[in-house]
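Consider the two complexes below, in which chain A is the common component and chain B and chain C are the respective partners.
Let's look at the complex of A and B:
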């Protein structure tokens, strides 16, 4: 199942990318001499990169290189696609893994709490989460910088990047703390929205389970509420949240254009955005392939996780 | 799991205690900026005093360059040359900033040169004893290698190659002489050759041009040498200790890449840039209010307002039935609400222009007057041209064709995003229906080139104020050139041809002034504005001065605080 999916994704991206009007060499320039590139140069460039061939031939060529792990060179700066991805991927992975981790760390308890407790605090949490979920990240990011980094109000966190000047020369502890110091705001920006949604999923899952007969039985046995909730209900209610985790994993490598741009972090989001904007076909395909592989891996992973958290579901080897 | 949580908790604690809070600064009193500060003029004191050696100079740029090879099309946009490669590479000659606005040539890697009386042979004597940053000596074989790289049709060097269409031959008779011969005389041929060949070692140009090591770590002869490039973060240069010329004062040049303008403003406010560039007009205006909260800018920085050699225009495609008639183009120009645009969109910072040359040069005729905003006059002109509302539908028509067209707009131009709807409203009031279509940059440029638009806008700029408008306005340039509007006028063609072979600058300027007047009268474009640089420099920076060739950082120094 995965191999045809992979072909489908890459073929579609390839076709859409190449059929969109524009050309890698048509970049904005305000010099009248001779615009960004003469037609002769564009033709020569297209020829050199095989862009003048029929699409299916181009796709075939691309595919035959990819199986040999050759993703080609970026048309923007002519560096190998793999080198550029290798430069951006760790930053994005670091950011989004932490963001996901913190989102779950906070969201799961909130979800459980708001399912089992009723009252004004629960309603307040609901409203607060919805408010958080509705706030656009570009605005939140700029506001956070103004509040915590500009020195106008507080001066706690750095404005830009992941590391300080002289990072390479620091000891391990200093490096870690420097990194953590830089990560606080961007990680928050990346995690608050999923925090809100995950906690709602958790709450729904919990509510469904808590109405079940076996919970009533557990209570009737005289078990403490604590044991009932955490021992019996929680395990069963976590299933939808685990599925959600599978769906969120692709974002780990996709990155975020907005957060990366505002915090000045050269990650996968910006890489993909610039590539599309510049019609950098090899780069676009490189990022797409990576994300596609990751998506498929995460679908597989969530299936496996299902089996782990829910013994009723079994992975059939035959499929 | 528990261990992981504990570890993260520890990280958070570390993060929180990492930075000790600075003592809160005393609340500053209101600070009213001086008039010179408001106008963006550097005070005289900046140029005075004895230079002090040492220190790092930090500049902000807003985009990541594609590379640092100044010969490569994708790596030689104006801003890349100014901010990055301009300090690493040198050409045979440079534009002399002391001769603003004419910008005469000053020898750099050439000791001097001679032109044959017919201007077709240029003999350059090269400077001796110059060394590249990698230690190799500079000789004529390097000039030859650079020229050959530019001429190689396989290389993405179209911009520079266009200077050499009339090249007949070249040779390097000895190590320190280089000769160029042209098929026909052209007033900019030698100037272009002398100023645009970024010289790098011949050895650095061997191999695939797109993936040369110099594309990432340039080697030149300039006052600063390349040190490092951290993607998305900063590019660093150090003083070249073995520079052939006068020793530069700065030890280090750090060019920081900050794409987001809001974040750049905050970094600037914290004093992280010695030179802040591309200040957004709204920010430029807001910091001059005299409020205490702007004290950091007024007290910490000098503002720099300097007009770039760029003009923005709206082009009417003359292949369309509406725009062939000069009177229609004039009518549209009379509907351009100059004052409203100036006050509401340009915030008084851009200057309206009529001239396709650098406004301070002798190429512009200062007596040409801009058409006023005048709706009645526009209506009269449209009627004279035969555009009347004959069927009473509120839209002008002529011979059964309604006056309806589409403005092709680039969504990335914030200015045009505001301006075009304003024009749409003005046009509607006289019975012209204009639609707005947005196309992203690659599509936009492709359509301009294919003349596949009714109306569109662009800016033309040139680093060198001695420029040739042949590419833009000559009728032959409708095909393959930059005459996107298909303008064709025999008298203008003649003037453009005469200018190309007039070597006496005074006489040439006279011809250019005639051309300017004629082009404006013809309303070849709706000429809009010249744009300024809006920069700011820290007050401890001395020996810095804006010019069309950017700041001369060889002369810049940092005054240590007492």
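Let's look at the complex of A and C:
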């Protein structure tokens, strides 16, 4: 199943790379060749870069390089694409892992609570989550900057970047706290939307499970409400929420473009944005392929997680 | 049965009756109605030309729409000062006497500081960096948001329904192909993909934005329709239709799709909210509708630029609220529609 998807992904990326109006040569020749390049020079250039070959051969060549993780050189600064990605990937990973962690940490209890208890607080929480879900992250981000970083209202958090000046000279504890201080706003912006959707899923799952007969049996046995909710209902309703993990990654990556741009964090999102802005084709194709593969892996991961938390599936796979 | 009775018993009426019972859905529909009116009547609400004017012995109706040559160099403020009521001259002004493109150079008052200016009695929601009225730009921006939302969703509903119906009905190789393509599309982060396509193609206009959103977001609808068709095609009424000699096309179009439309409409309503969010995000990142077109996201870009000085909170708060209200209204409407179509979900 993964192999056709892989081909689809690379094919689509390759197609994006050839969306340029006209000839890729025209972009390539922006700097290295003068406008009055002779036909012969152009032909030689074409031949050197394999641009005279039919498209499917070009795709094959590109694919064979991709398999070896060679995406060529960025046209912005002529550094290898993989090197630039390797530099910015940790930052984005840090951001999205923290965002996911934070989202689940808050959302799961909220979801359980709003399914089990009824009352004004439950209703208020539901409304608040619904509202959060509809707020564009760039709006929230700019509002937060205005409130906490612009120096106009409260000057609590930094405006840009992940680290302060003189970060390298700090001790480990100082480094960590500096990083955490810079991470508060971006992680919040990245996580609140998933927070809302995870808790809604958790609530629905919980409501479905709690209506079933075995829950009534557990209650009839005289088990405490706590045991019923956490030992019996919770375990079964967490399953769909766990599988959500993989499907949320594409959204996080999309969101990181916005969040990293607003907070000036040199991660994958900003890298992609700059590459698109400067029409840096090798870079765009490299990032796109990697992000898609990453997502594919996370979908696979969520399938595995599914099997871990739900013994019924393990039995099916085994038999 | 009279036409009115027929209507009362019809499925649309049943949905409406369910919907009417939910106060929040009604509020949402009200907000959406206001938004639509704003989009339709943007020029009547905010324009630098009057709605109607009698000046220099001629009466002009709707110069804000027609932009007649005689009034090319006029605006509401200039007309106000040269109007002579004693000669029977009059003017109907739009609610907001500023157009979305009217910069400070064309405005009556010349303040001392550089724009953006904070809200005051003249500009209720302040101005942007060129001194353009924020309220006027929000009103005109409604048009972009709603158009992109509806057209993009129409495109992907069409694609999703077509592919989903084919995959569900024929199964086999068709299904396998469609499912693979769906999987590939779902692994691509949508916003990122749209950004890459629009950015690399270097096209900045509304049509490509709508088309690209439409071409990337059809996967949910496709999976919904496929699942519905798979479920429905085994039911007896489909078998009956086939026994009567109905063609595949007739079975799909007349029997299967109408029954699968409920969830699709719900998904489409949520989808409009999503498309509006994407459009505003694109505009925010500078890949949206080309300037000087008014768009909500574009105002927020400026807000980011002026976050420190002068801390232009009005550029942040109001366009953001417009996006938030519209998106929430569509989401609430979608929620209401889902409950109305599927009463089982209600407790």
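General observations
The rule is short, and it goes like this: the second predicted complex is superposed on the first by the 272 of 319 C-alpha atoms of A that agree within 3 Å, B and C clash if a C-alpha of one lies under 4 Å from a C-alpha of the other, contacts with A are read in each partner's own complex, and residues count from 1 in each chain.
Convention: a contact is a pair of C-beta atoms (placed from the backbone, for glycine too) under 8 Å apart; a residue touches a chain by one contact, two chains touch by 3 or more.
Please read all numbers here as calculations on a predicted model, not as lab measurements.
Of the two partner chains placed by superposition, only chain B is touched by A:87; chain C is not. Once the two complexes are overlaid on the shared chain, A:159 sits against chain B and chain C alike. Once the two complexes are laid over each other on the shared chain, residue contacts for A:208 go to neither chain B nor chain C. Residue contacts after overlaying the shared chain place A:133 against chain C, while chain B stays out of touching range.
Once chain A of one complex is fitted onto chain A of the other, the partner contacts of A:105 are limited to chain B, with no touch recorded for chain C. Of the two partner chains, neither chain B nor chain C is touched by A:122.
Within the superposed three-chain arrangement, the count of touched residues of chain A is higher for B, of the candidates chain B and chain C. Legend: residue contacts after superposition of the two complexes on their common chain; A:264 is shown touching chain B, with no touch to chain C. Looking at the shared chain after the overlay, A:70 reaches neither chain B nor chain C.
Once the two complexes are laid over each other on the shared chain, residue contacts for A:78 go to chain B alone; chain C is not touched.
Overlap of the chain B and chain C interfaces on chain A: residues 21, 142, 145-146, 149-152, 159, 261-262, 277, 279. Residues 1, 4-5, 8-9, 12, 16-17, 19-21, 130-131, 133-136, 138-139, 142-143, 145-146, 149-152, 159, 250-251, 253-255, 257-258, 261-262, 272-273, 276-277, 279, 281, 284, 288, 291-292, 295-296, 299 of chain A are the ones touching chain C in the complex. Contacts from chain C toward chain A in the complex involve residues 180-181, 183-184, 186-193, 195-197, 199-202, 273, 277, 280-281, 284-287, 297, 300, 303-304, 307-308, 311, 313, 316-317, 319-320, 323-324, 327-328, 331-332. Within the complex formed with chain A, the residues of chain B that make contact are 4-5, 8, 11-12, 14-16, 18-19, 21-22, 64, 66-67, 73-75, 77-78, 153-154, 156, 158-159, 162, 210-211, 215-216, 231-233, 257-260, 262-263, 266-267, 269-270, 293, 310, 410, 412, 440-443, 445-446, 449, 458-462, 469, 471-472, 480-482. On the side of chain A, the complex with chain B involves touching residues 21-41, 44-45, 48, 73, 76-79, 87, 101-102, 105, 142, 145-146, 149-152, 154-157, 159-161, 173, 176-178, 180-181, 183-184, 261-266, 270, 277-279.
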